[in-house]
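First, the structure itself, so that you have it in front of you.
By written order: A, B, C, D, E and F. Residues from 1 in each chain.
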C-alpha cells in the first residue's frame, strides 16, 4: 500500500487555512472531491447534522445509500473525538464549539483495489460558553467508503 | 480574550508540512518556541516519552518543575486522544503509529494575564503492524503552562 | 464454580429469536424468571426506563429494594455498552435504536452460595434517524443480585 | 433499506450455539460466508489476532487489501466493546476471556448498492484469572466492507 | 518536589465532613483559600455551573481570565470522573446526584516555582431518581493554576 | 432507604487519614469490617491484586465465592476510575501511583433487606515516574455484596 494522496492532510489544511493561505496546496485539490462548511453549537447533534447536510447537498456521498452514510458517520465521530478529547459531549459538559470543517473523498492508495476513502476534518475553538474563553481544537476521521 | 496567535494551528502545520511547504508560515514562527520530532511505536509509553524527552532537551519546558511537566503531559494525552480516537491504546489494540510531532509554547492571547500556553500536535499514520496497512491520524492538545 | 445454566445466552436468544424460532430452547426457560419487552428511542433515559419498568411490573425484582435496583441498573448499562460500542449515547450522537430486550433472573452456578444473578440482553438496530439507515446491535450485561 | 439477511444475528448464533442447537438456522447459512474459531487469553492483542488470522486463512477477506483489513479491524473492536463493557482491556484489568467467535460476510440489504457487510460476534466468559470465577459475555460489531 | 500541603485531602475533607467533625483540621485551613457549596441535579451542566459560579462569587479565581477558568474547568471534570465512574453523564443515564463540593486553592509544593494549584472535591450520593435509591460517591480533581 | 452508616466516607477517611487523625471517627469503625493496605506501581494489575489479596487474607470476603469476588472487583475498578480520571491505565500512559487503600464491608441502610455492601477507597499520588512529579488522587467504588 503506497499512499499517493494524503486526504487527511488535505482535509485538515482546508479546515485550518484561510483562503489566502491555501494557494500552495491547490494543485492537489483537483484530484479529490471536497466539501466545506462551518458550525457553532453546544449541541453535538447539530455539529454532526451540519456535516451530513453539507456533504449530501454537495453530492459528495449518495444520500439514499446507507453504506455511504455509515462510512461518513463514523468518520465524523472519529474527528469529533479529536475535538472533544475524551468524552463525545459538548453542551452536557458546559462547553461550546465553533468549527470549520472539510470533507475530502478520494483514492489515497495507489492500488486500485483500495478504492475510495473519506476524510473529515474539524478546526476551530472549544471552550466555555463565553466569547473568548476558549482554545483551539482539531479532529480528523478517516474511513473506507 | 482575543486570540492573536494560533499556537494549535502552528503546531499542526509543523507536524504536517514538509520543509518545502512551510515557507508561507515562517514569519509567525519567530514569536513562539518550537520543538519537533518523530516517533514510531506500538507502545504508548514510548510515544509520550519521545515528546517529553525532545521537549526537555530543547529547554522548551523547565525540567525539574512539576507544574510545567504536568501541563505538557496533559497536552500530550489530549493530542493522543485525536490520534487514537476512543481508546488511549496502540499495541494493546494491535495497532502501531508512525508520527511526527511539534510542540509550540507561546502567548496566544492578547491579554498579558493569560500568559503562556503549550500546544502539542501529532500527524502521521495509524494502522495494522504491517507496512502500508494504515491511514492518517492527527491530534492536538492545548494547555495553560 | 461450574456454570449449569447460561442465563446470558438465554437472555440473548430471547431478545434475538422470533416466537417460532424459540421452541428448541423452551425446556430451559422453566428454570428461570423471564421478562421481555421492546423500546425504540433516541433517548437513553427512555431505553433504561423501559427495561426498569417492565422488570418491576413483572415482579422480576423487588421494587422498593435498592440492592436489586442497583444490580439491575448496572446490568442494563453494561448491556447498553454493547449496543452503543464506545459512547453511552444515542440521540446526542445523532442515532436512534429499535431494540427488543429480555431480562433473565436465575441461579447460573451449581454452588448454592453463588445465589441469584441477573442477565439483561438487547437485540435490534442502531443507526441514523431515517428508517432503514441502520444495522444490527447486541448487548449483554450480567450482575449478581 | 430493507434488511433481508441478519448477518449480526447469524454471527451471534454461530458464536453462541453448539452444533446440535444450530440445525434450525442452517438454511440461512448458505447465503453467507462464515468463519469460526476460539480464543482464550488475558491479552487483547491475541484476541484480535486470533480473529484476523482465522479470517484471512479462510479467505473471508482479501489479505493484502487494507480496505478489507480496516473494515474487519473496526468490526472486531466494536464486538470487543460488548465483551469488555467500558474499557477495551483484559489482562491490564486483571481479567481473562474464553471466547468463541464467528465472522459472517454477506449482503444484508436488498438494495444492490448496499453491497457487502461484515459481522463479528464473540460469546464466552470473562472473569478473574481463576477457573470458574467468570460470567458470560457477548459482543457484536458490524461494518461495511 | 516535597508536598507540604495536601490540598486534595483538604478539599475532600471539607466536602465530606460535617461542621462538628472538622475541628481537628482547622489549623491547616488558614494556609489556603476555600470555597464550598451544594448541588443536586440530573443535569451535568448544572453541577459544573454550580461550582464555577460559587468559585467566581467568592473570588477564588479571577473571572475574566481564561487561564484560571480553564484550570478550574478541567479540575471539575476530573472530579466528576470519580463521581460518575466511567461515563461523564447523569440524567442521560437515568441517575441523579446530590453533592457537596469544596474548592481549595493554594501552594502544595515547597518549591516556589511550583506556584498555585487548585483542588476540586465532590462528596454525596448518586443513584436512581427516587429518594433513597442511591449510594455514596466521591471525586477529586487537581490542576496547576 | 435511610442511610445509617456511610461506608464510603469511612473507607475514604481510612485511606486518607494518618493514625493520629483518626481518633474522632473510631466509634463508627466498630460496626463494620475493615481492611487496609498500600500499593505503589505502574501496573494496574498489581494495584487490583494488592487489594484483592489483602481483602481475601483478612477474610473480608469469602475467597472461593465468585459472587463476592465479582462485587469486590467492580468496586475496585470504580474506585480506580476516580484515581485515573478518564482512562483505566497507569504505566501505559507513562504514569505511576502510590496509594493507600481501605475496604469496608457493612450494612449502610436501615432496611434489613438491603443487606451488606462493600466500599473500596484509594488515596495517594499519581504522576510521572519521577519522585515528586505527582499530585494527589482519590477514588471510591461501592457495590452490593
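One rule holds for everything that comes next: contacts are C-beta pairs under 8 Å (C-beta built on N, C-alpha and C of every residue); 3 or more make two chains touch, one makes a residue touch a chain.
Note that this is a predicted model, so its numbers are computed, not measured.
Colleague: According to the touch definition, list the chains common to the neighbour sets of chain B and chain C.
Modeller: A, D, E, F
Colleague: By mean C-alpha coordinates, which chain is most distant from chain A?
Modeller: Chain F.
Colleague: Which chain's mean C-alpha position is the greatest distance from chain B's?
Modeller: So the farthest one, by centre of C-alpha atoms, is C.
Colleague: I want to compare two interfaces, C-D and B-D. Which one has more contacting C-beta pairs?
Modeller: C-D
Colleague: So how far apart, in whole Å, are chain C and chain E when each is placed at the average of its C-alpha atoms?
Modeller: From the centre of chain C to the centre of chain E is 36 Å.
Colleague: Between chain C and chain F, tell me the centre distance in angstrom, where each centre is the average of that chain's C-alpha atoms.
Modeller: 30
Colleague: Tell me, which residues of chain E touch at least two other chains?
Modeller: Within chain E, the residues that touch at least two other chains are 1, 66, 70, 86, 89, 92, 132-135.
Colleague: How about chain E: which of its residues touch chain A in the complex?
Modeller: 44-45, 48-49, 52, 66, 69-70, 73, 77, 88-89, 92
Colleague: Show which residues of chain D lie in contact with chain A when the two form their complex.
Modeller: 1, 62, 65-67, 70-71, 74, 109, 111, 113-115, 117, 143-144
Colleague: Which chain C residues qualify as touching chain D in the complex?
Modeller: 1-3, 6-9, 12-13, 16, 21, 24-25, 78, 81-83, 85-86, 108, 117, 119, 121, 123, 125, 131-142
Colleague: What does chain B use to touch chain D in their complex?
Modeller: 87, 89, 91-95, 127-128, 132-135
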